[in-house]
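After this come two complexes, each holding chain A, first together with chain B and then together with chain C.
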Partner chain A sequence: MQSEAKQGVACPYLIKDRAPGGAWHATLPTLLGALLALLLASGAVLAVYYNPRDAYGAVQMINREVNGGWLVLGYHNTGASLAFLALYAQLFRLLLTRGYRGPARFAWMLWVKLLAVLLLSGWLGFVLQGGAGGALSLTHASDAALTLPGFPGAVALWIFGGPSGPGTLARLLVFHVLLAACPVWVICWARCAARRARPAPEGRAVAFWPVYASQYFAALAALALFFTLLLAFAPHWGQSAQAMLPGDVLPMVISYPWYLQPVAHLAGLIPGDGGAILVVILAAATLYALPWLDRSNGAPPGRLYRGLTLLLGLDVLALGWASAPVLQIIFGIWFFIHFLVLTPLVTAAEAK
Partner chain B sequence: MRVLLMSGLALGLLAGGAAQAQTPSFPSSGAFGHIDDEAAQRGLAVYQGVCASCHSLNQLHYRDLAGIGLDTAQIAGLANAVKLATGQPATPDDVFKAPAAMSMGGAVPPDLSSIVAQRRDGTRYIYRFLTGFAPAPAGVTMLPGHYYNRAYPGGQVAMPPVLRDNAVTYADGTKATQAQEAADVAEFLTWASDPNLTARHVLGIRAGIFFAFLTLVALATKRRIWKQEG
Partner chain C sequence: MAEPTADALAAHGTETRRDFLRLLAVAGGAIGVGAIAWPLIEALNPDAAGLEAARPVVLVSDIAENATKTVQWGGQTILIRRLTDQQLAAAQIVPMSALVDPQEVSERVAPDDGHIVVVIGMNTGAPCALQGSAPGDPRGDYGGWVSPCDGSEYDALGRVRAGPAPRNLAIPRFRFIDKHQLQLG
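Showing the complex of A and B:
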């Protein structure tokens, strides 16, 4: 099954341009793609039974009355958790290896877009469950969005249709479904971009079948195992019991699923609902601008840079965990300091 | 007032820690746990005899009781004994009859369908709550119409202590002590919150074994192919 490089040109999607010895992390985008496909399929089933006018009751009904409904709900729930895990791992790996520089810049920007789309979709999913935290979060978000001036305000009015009310979830369901289709495109796009950005392999190329196929198969089997264990034995892992309370209960503090928690705490950096939106947009813009904030000119990542990136990973985890507002502010500020101050300084120093 | 509630909470946590040692182990808890049908059926008797006069179970139908091992005739008999607001007897396809709307000391009794999922460590919480009523410690000023409870956050709850020895008579002859009733109703409510708990765990074990085997085979295959290609 050894092929010549020219075969790779004739059949670019079947021939991988990686040399043998491929690392397991290279399967992450494929695993993420598989999880997104599962989310789409399970979401399609859930959408059939979902009722936005009685969201909490509909989820209860799917869980209790629909044949196999609890399993499909579990696929969607666990799939969302693991999709975020895969995406966060991929982003962290790109940060650690400086995989956002040079020709891979385009792929990095797509990953950031995917993060934004998934976060928005994840938040909509959280709100669509009709739980206590989701209902309050929706009230905050729609109130904030409607105070936006000009064009953003018009878009917000179009999305929410006014302050959160009985019909709001029916609108948001449409956007949840629309956004769900986006990641599939973005991920295909990102794969193409990454493939083009990679330098042509030296020496002989290796056939996709069976060499890389066997690796992907093993990775998918391991994912299925992990997925099953999580779904069966910890179906609500990373989510608070608050999510099971009906929407008419008013919680003191909103508990988001683990994958939204760092963003929610980061959003508290500027007080007020409008400030929260501003911080999230700033954070996304910062990640987007990372290829320009890095002044390394192609130098490999040094020890200091990698140490700081590890610290950033811990900082984001701590940001999600911290419940004290003071800690949230400290960890949140560190996020911006890392990218806006430390990254340009350290990369410039290491390039010398 | 806030200081009072906080100190009550702290006391409750301390006392809760002490009570935790006596909490029985539930068949439903843990990764390989399953709903104990006999305990859940006894718990149903406790719910029907005691809890149902104030708490609804709006997400459950009588037919769902097949999930804790009741057969069709038993379910039909149970539903038939319930008089709906229309004056008609209930059928197995009816939702559990809700009590008349009420307010206890300003608090509305919550629906119990998902109560175990809505509390952290829900099964044990229900047990600790139902066995946690005690005279208020010295220095705690009680709100009017409230009762002291070691397990309840803040220590003061509008629900009176309702479980006592022999509050119900069990059909299977089990001695109905207060602790037994609390444990049984906790098991019943665990099933009510998560009717698929047993099925989910069985699926996890079966599919887990399959995928563990598949992963090992896939890894071995991958190693072999890569060795040949390398």
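Showing the complex of A and C:
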């Protein structure tokens, strides 16, 4: 309890104890941090030219008339894609290695918060493009939020400022910017929490420079290469094609960017707009409660648990991929079964 | 002089290699960050259309003698007039003592073309647009511009000659790109 209370203070181990343990995937938080910095920088440039009253036209203008505007938009689009890739990979890594237990519990809860913040920010970014999909998604969301009873409805009214209209995007732009600043803070906090949770190294510690620094450098270089390839050869990979259509076109089904697709399909588990909000909140709460759902008591992850976690990863991918409602329901239910039923049972069995 | 030991040599080699790696890493990182930042900085520069609107280019070679071209720039009306030789000669003999705001002819005409006068078409007395640019407009006793609001009169060089206006017409920033066109701003 005491150690958890102390997580809030500034982390004194920023330089001294940064040994990532040698695995390549230990650099994922750093890569995510670099991508978020790029998103902030390119977002600041885009905000100069963006116009919420004519969002679609503003994006077209940035693409065609701003010096290198297409490249700045590409930074922001591809950067968002890869940031979600890094975050999903990091969460999967923590699930696979049970990096959410014991002292690392606090860091895990921060990662889940970061997921929530980035998902919300990503959805706002999708809406702010002013494309057909975003406009319809915003209409659905504001309609659903405004029918909420009581206090949640009042908050929704405050956020959206009534049913979606010409002024709505101006509000959402502010929330997008405010939310964008949060991850930087959360990611630093999560790194500090993870570092504090790590046991003190026995014997002689390895100096950070140059052994581990070179590892981070190689990881950043690999990211830059991958980023460049994606930006050059597949700039619209995983993006919603409906974002390219003007907002007055009404699509039959909304297609989201790939990183929002699993959440959008999970939300369809309970019919109705209010049900969708409920499912998303339940899913976030389930992830948040994972340290308590795990009954392993400190035992290392067994073969069955690792197999099930891999299956969960495939399940989330399939959830995003599936277009048939039946499949979406099956994959969505499996998500909850994994965490609420299988995780307690399997971890308890493996602890014996 | 003692020979350096093998250990010292090895340590020396490691140091050099490490220094080189550090140099390589820092240089590579700096180039990478610079390459990423460059488009972001470049995007904040004004685009060609914005610059074009901010500093318009005006063709002056098609202005006939004694005719005026009117250009809107930055919310102001810019008047460009090509003077005849007689107008210039008449302006030369006006004594400075006869002027409200004394200025030589050379201070009023364009530096690169002695027949072109560029002024801002705003009366310096009561704020008012001037008459005298369109072919049928009254030009007053001095062959320049008149203010319909307070009756001030200007000569063809834009110098105030009569009326309550206290100063000559303002001259905007401009330069000749070549002998046919000038650029405002």
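Just so it is clear, the second predicted complex is superposed on the first by the 330 of 352 C-alpha atoms of A that agree within 3 Å, B and C clash if a C-alpha of one lies under 4 Å from a C-alpha of the other, contacts with A are read in each partner's own complex, and residues count from 1 in each chain.
Note that contacts are C-beta pairs under 8 Å (C-beta built on N, C-alpha and C of every residue); 3 or more make two chains touch, one makes a residue touch a chain.
Everything numeric here is computed off the predicted structure, so don't read it as measured data.
Asker: Assess the superposed three-chain arrangement around chain A: do chain B and chain C clash, or do they fit?
Answerer: Superposition check on chain A shows chain B and chain C fit without a clash.
Asker: Where does A:V66 make contact in the superposed view: on chain B (first), on chain C (second), on both, or on neither?
Answerer: second
Asker: Does the superposition put A:A221 against chain B (first), chain C (second), both, or neither?
Answerer: After superposing on A, A:A221 lies in contact with both chain B and chain C.
Asker: Just chain B (first), just chain C (second), both, or neither: which does A:Y75 touch?
Answerer: It touches chain C, and chain B stays clear.
Asker: Applying the touch criterion given at the start, work out whether A:N297 contacts chain B, chain C, both or neither, answering first, second, both or neither.
Answerer: neither
Asker: Return first, second, both or neither, reflecting whether A:T147 touches chain B, chain C, both chains, or no partner chain.
Answerer: It touches nothing on chain B or chain C.
Asker: In the overlay, answer first, second, both or neither for which of chain B and chain C A:V48 touches.
Answerer: The answer is second: A:V48 touches chain C but not chain B.
Asker: Specify the partner with more touching residues on chain A, choosing between chain B and chain C.
Answerer: The partner that reaches more residues of chain A in the superposed model: B.
Asker: In whole Å, how close do chain B and chain C get at the C-alpha level once superposed?
Answerer: In this superposition, no C-alpha atom of chain B lies closer than 6 Å to one of chain C.
Asker: Can you pull the chain A residues that chain B and chain C both touch?
Answerer: Common to the two interfaces on chain A: residues 71, 210, 214, 217, 221, 224.
Asker: Touching residues of chain C toward chain A in the complex: what are they?
Answerer: These residues of chain C touch chain A: 18, 21-22, 25, 28-29, 32, 36-37, 39-40, 42-45, 47, 49.
Asker: Quick check on the complex: what are the chain A residues that touch chain B?
Answerer: Within the complex, chain A contacts chain B at residues 1-2, 20-21, 60, 63-64, 70-71, 74, 206, 210-211, 214-215, 217-218, 221-222, 224-225, 228-229, 231-233, 235-236, 240-242, 244-245.
Asker: How about chain A: which of its residues touch chain C in the complex?
Answerer: 38, 41-42, 45, 48, 65-69, 71-72, 75, 210, 213-214, 217, 220-221, 224
Asker: Residues of chain B touching chain A in their complex?
Answerer: Checking each residue of chain B against chain A gives 31, 59-60, 64, 113-114, 117-120, 122, 193, 195-196, 200-201, 203-205, 207-208, 211-212, 214-215, 217-219, 221-222, 225-226, 229-230.
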